[in-house]
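Structures follow.
Here chain A shows up in two complexes: once beside chain B, once beside chain C.
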Partner chain A sequence: MIYAEHLRKEFQKIVKEPGLKGSFKALFKPKKETVVAADDISFHVPEGEILGFIGPNGAGKSTVIKMLTGILTPTSGECRINGKIPQNDRKNYVKEIGAVFGQRTQLWWDLPLQETYLVLKEIYEVNDEKFKKRMDFLNEVLELESFIKSPVRTLSLGQRMRADIAASMLHSPKVLFLDEPTIGLDVVVKDNIRQAIMKINKEEKTTVILTTHDISDIELLCDRIVMIDKGKNVYDGSLHELRENFGQTRELIFETANSSNITEEQFRNGLDLGGNDLVIESDKNNFKVKFNSRKLPVGEMLSYTLSLTKVKDISVKDADIEEIIRNLYRHGGESDE
Partner chain B sequence: MNKLMRRYVPFAKAGVQSLIIYRLNFIGFVVGGLIYCFVMFYLWRAVFDSNGGGAFLGFSMTDMVVYLFLSNTTSQLIFSDVSNDIGQEIRDGSIVMRLLKPVNTDLSYMFAELGAIVMKLVVLLIPMIVGLEIYRFCTAGVVMFNIVNFLLYLLSAVLAYIISFRVNLCFGFIAFYVKNLWGIGILKNSIIGFLSGSLIPLAFMPDGLRICLEYLPFASMSYTPVMIYMGKYGVYEIIFRIGLQILWAVLLYGLSKLIWFGAIKKLCVQGG
Partner chain C sequence: MRRIWKIYKLLAAQNLKRLMEYRADFLTGAISFLIDQAIGIAFIFIIFTQIPQLAGFTFEQILFIYGFSQIPKGLDHLLTDNLWCVGYFIVRKGDFDKYLIRPINPLFHVIAETFQVDAIGELVVGIVLLIYAAPNAGLHITVWTVILSIIAVPFAALIYTSLKIMTSAFAFWMKSSGFIIQMVYGMNEFSKYPVTIYSFPVRIFVTYIIPFAFTGYYPSLYILTESDPLFNIGGVIVVSVVLFAVSLLIWNKGISSYESAGA
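What follows is the complex of A and B.
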């Protein structure tokens, strides 16, 4: 469905030296620098998959999405979506896709929300019957009813975001690009939006590419993730595999009568774990042990802790995906170079 | 054709809507233009008075009044702000959303303005024509309104709009290269103001300069329709002038397309 082959995008940037003198210099003799926003990005998404496309801020996610949607022309490399090269025939290509950029809106700013949908209906040539069915569906999942008659500029962020998602789904696109659709939203709205994505993916086999910084979006929605950093592919695989391969960190939380006598020293001396392999956080009655389960089996850690102090309760947390990604962000780029 | 209209009419409607919502802006635009007209009127009256009150280079004072007010109204009517819109959209990156729609970019901009133009036609041009004709009747004592000239004026004004739109589109696409259009916008407005004859009638300029300017697209933007309305041109001259407008419209269409295809490859979206 979606093929990205060695996508590369360079920008020219004018470098300004600091201060007034630097400004003058930049005005008359600008020094140009080439910035590589995406470098040799390749991946493939089969039909009906929800792909989580993640990476830290400034990794080049949006640049890649903009190339896939046909807005930007790659410096080299090629993408092919549904057999089409987006840059070749933009007008026809965009009929088949829907897109949401979390920081922008495609709604008509000054018109009541309803009008935007009527405009989109004409632009995408959706017939009356289909339109009605679609609006009913979107109304139900995204709860647009209460603000559909208000001008878009008066909507709250959560309302606007739901409205934007609805707008991108109105014409039953084959591919949906969602660039941070849950940015800055509360739990209820996030849930609405996730429901909508899930339903549309299930019922219509819509292929979805989703970028987000919210890990629960990925856990709930994505079959597979592609991670990039500094413009390069860092990881491509399922979430499960990621956990297996990189999720060596385990977290044990102990509840005790008094944990003030627990120190990191005790653990370090007794267990032979290095600086990065062990973290202890403690407050009055609880303490948390994060450690590398490859260096030390969970069982041993448990029995050692029980020998130190009297424990009331224990909880074990699974490898935290956020932690894994944080590790990958930190190390991924470096190991590539 | 029907499908085409249905797809683009919403853009026109949205244009009218925002005109109504920001009506103070529109009123300011109109009133500002009128004040400017009166300033020019008193200036030119001083010129005519010092000349003994008679005709000046083929213009009577009545002609001058009609010229001033009508050329101002015409340039407001055909005013295109699309270069500004494009500049703005490039600066804040919202051009992305326009590119994601399966519509022709040029036409979507054009229809957004057409809505406003229809409004201006009703609330600006028609009252102005009526007012000017009453004024002419009072000073000359006979009805001078000529329906043929008026219709030809409308035709010429439509062409003038297309030229103005395309010139603006070309300027707007420059934003893809320079990222911020503000300075270039000021340059553009002063060039057009002078070269189109809305500041000083081209007829008053030295012959060599006048002939050059009359062939440029800028003269086609308000000078040509106004001169046609005033009956300053004979039949052949009218045909020639309108032909020239069509030629410029076609040339500028080509030029804007050319710039567009170069520019779209250059696009880099600022801020996420």
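What follows is the complex of A and C.
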């Protein structure tokens, strides 16, 4: 369905020295610098999948999404969606896609929402009967009724986001690009929007590419994730695999009568664990051991700790996805083996 | 084509509705516009209290040229005002994205979004001046002068539009080109008076480089004197079509260089 192959996007940036003097210098003798926003990005999304496209701020997510939607022309490489190259046949291509950029609305600021949809109906050539059906469906999943007569500028962020998603879905696109659709929203609205995305994906087999910084979005919605950092692919696989490959970190929390005598040295000396493989945090009655479970089985760590001190209670925490992703962002994808 | 017209009507109707909503803004715009026009006309009056003729033209003839020049200007202003926003901020802020993900021509989409009613002022002033000046400007009305002058108006407006498309498209490379549009557009002042009052280089400039002389003086000269329709009216058509083609080329090239803006 969606093929991205070796996508690369460079931007020319004029480097300015600070201050007015620097600006003048840049005006007459511009010093140009090439910034690579996306470098050799390749991935494939089959039909009907929800792909989580993630990465830290500035990683190049939006740049890639904009190339896929035909807004930006890649410096090199190619994307093909549904057999079409967005830049070559823009007008026909965009009929098949919908896009929401959470940070900015595509609706007309002063138009009542209802009229916005009427304009879009003409733009996308949706016939009356289909339009009515579609509006009923969108109303149902996104609950637009309460504000459909208000001008867009008076909508709350949550309402506006729902309105934007509905606008992008009006023409029943085969592919939906959602660039941070839950940004800045409260928990209830977020949940609402997730439900809607799920429903749309299920009922219409819409392929969805979703960028987000919200881990729950990924856990709840995505079959697979592609992670990029500094313009490069760093991970491509299922969430499950991510846990397997990168989630070796286990966390053991011990409750003791007195944990002040526990030091990191004791663990380091007794066990063969290097710098990144072990972290100890302790306060008065608790201490936490985070370690790489590939280097040392959990059982061994337990028995070693029990031999050190008297323990009242133990809890074991599984690798949480947020932690894994934080690790990935930090290390740029080299698994910490 | 029918679909395009339908979309245009829908958007234009929305614009009118918006106008009702922001009445104060509209009135301020209309008043400042009237003051601007009043100054321009007062200037001509003052000149003619000192001299009987300007470059061989009488007071009424000068008013006629002035009036004619306002009509294509107003027409372009009425229909394509949103191009200013492309140059000033739509591209810089990345808001051009939305035009690129809709299945209609982005240039048409941008243009259709605004219907600038302020421009009625220019059209009214233009028509009033023509009606006032025509009986005493010594013109000889024939079927040909009527037909050719009506043909000239949309092409003359296209000169304005093309220059705006071209200069606003610079924003795709420069991020903001508002001042360039303003600089080029501002030269339309030259179209209000006979080019023969300017020095030779200026005359060449407003005829062949930024060809605003074809939006006012040349077509008016034909209407007033019936001289040289091939250059005075044919010129308007050729210049506007060539300029429009060039502006589309630049615009399309610009779109492929569009860099959006970070989210």
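By definition in this document, the second predicted complex is superposed on the first by the 268 of 337 C-alpha atoms of A that agree within 3 Å, B and C clash if a C-alpha of one lies under 4 Å from a C-alpha of the other, contacts with A are read in each partner's own complex, and residues count from 1 in each chain.
Criterion: a contact is a pair of C-beta atoms (placed from the backbone, for glycine too) under 8 Å apart; a residue touches a chain by one contact, two chains touch by 3 or more.
Computed from a predicted model, the values in this text were never measured in an experiment.
Participant: Consider chain A as the common anchor and indicate whether chain B and chain C clash or fit when overlaid.
Facilitator: clash
Participant: Contact-wise, after the overlay, does A:Pro74 reach chain B, chain C, both or neither (first, second, both, neither)?
Facilitator: After superposition on chain A, A:Pro74 lies in contact with neither partner.
Participant: Considering only touches as defined above, state whether A:Gly60 meets chain B (first), chain C (second), both or neither.
Facilitator: Neither chain B nor chain C is touched by A:Gly60.
Participant: Just to be sure I read the superposition right, which of the two partners does A:Gly52 touch: chain B = first, chain C = second, or both, or neither?
Facilitator: In the superposition, A:Gly52 touches no partner, neither chain B nor chain C.
Participant: Report, in rising order, the residues of chain A that make contact with chain B in one complex and with chain C in the other.
Facilitator: Residues common to the chain A contacts of chain C and of chain B are 11, 62, 66, 69-73, 90-92, 94-95, 97, 99, 101, 103-104, 106, 108, 110-111, 115, 118-119, 122-125, listed in rising order.
Participant: Spell out the residues on chain A that touch chain B in their complex, using ranges where they run on.
Facilitator: On the chain A side, the touching residues are 11, 62, 66, 69-73, 90-92, 94-95, 97, 99, 101, 103-106, 108, 110-111, 115, 118-119, 122-125.
Participant: Considering only the defined contacts, which chain B positions touch chain A in the complex?
Facilitator: Within the complex, chain B touches chain A at residues 3, 6-7, 9-11, 13-14, 17-18, 21, 93-94, 96-97, 99-104, 264-265, 267-269, 271-272.
Participant: In their complex, what parts of chain A are in touch with chain C?
Facilitator: Interface residues on chain A, with respect to chain C: 11, 58, 62, 66, 69-73, 87, 90-92, 94-95, 97, 99, 101-104, 106, 108, 110-111, 115, 118-119, 122-125, 179-180.
Participant: For the complex, which residues does chain C have touching chain A?
Facilitator: Answer in residue numbers: 3, 6-7, 10-11, 14, 18, 21, 94-95, 97-98, 100-105, 113, 256-260, 262-263.
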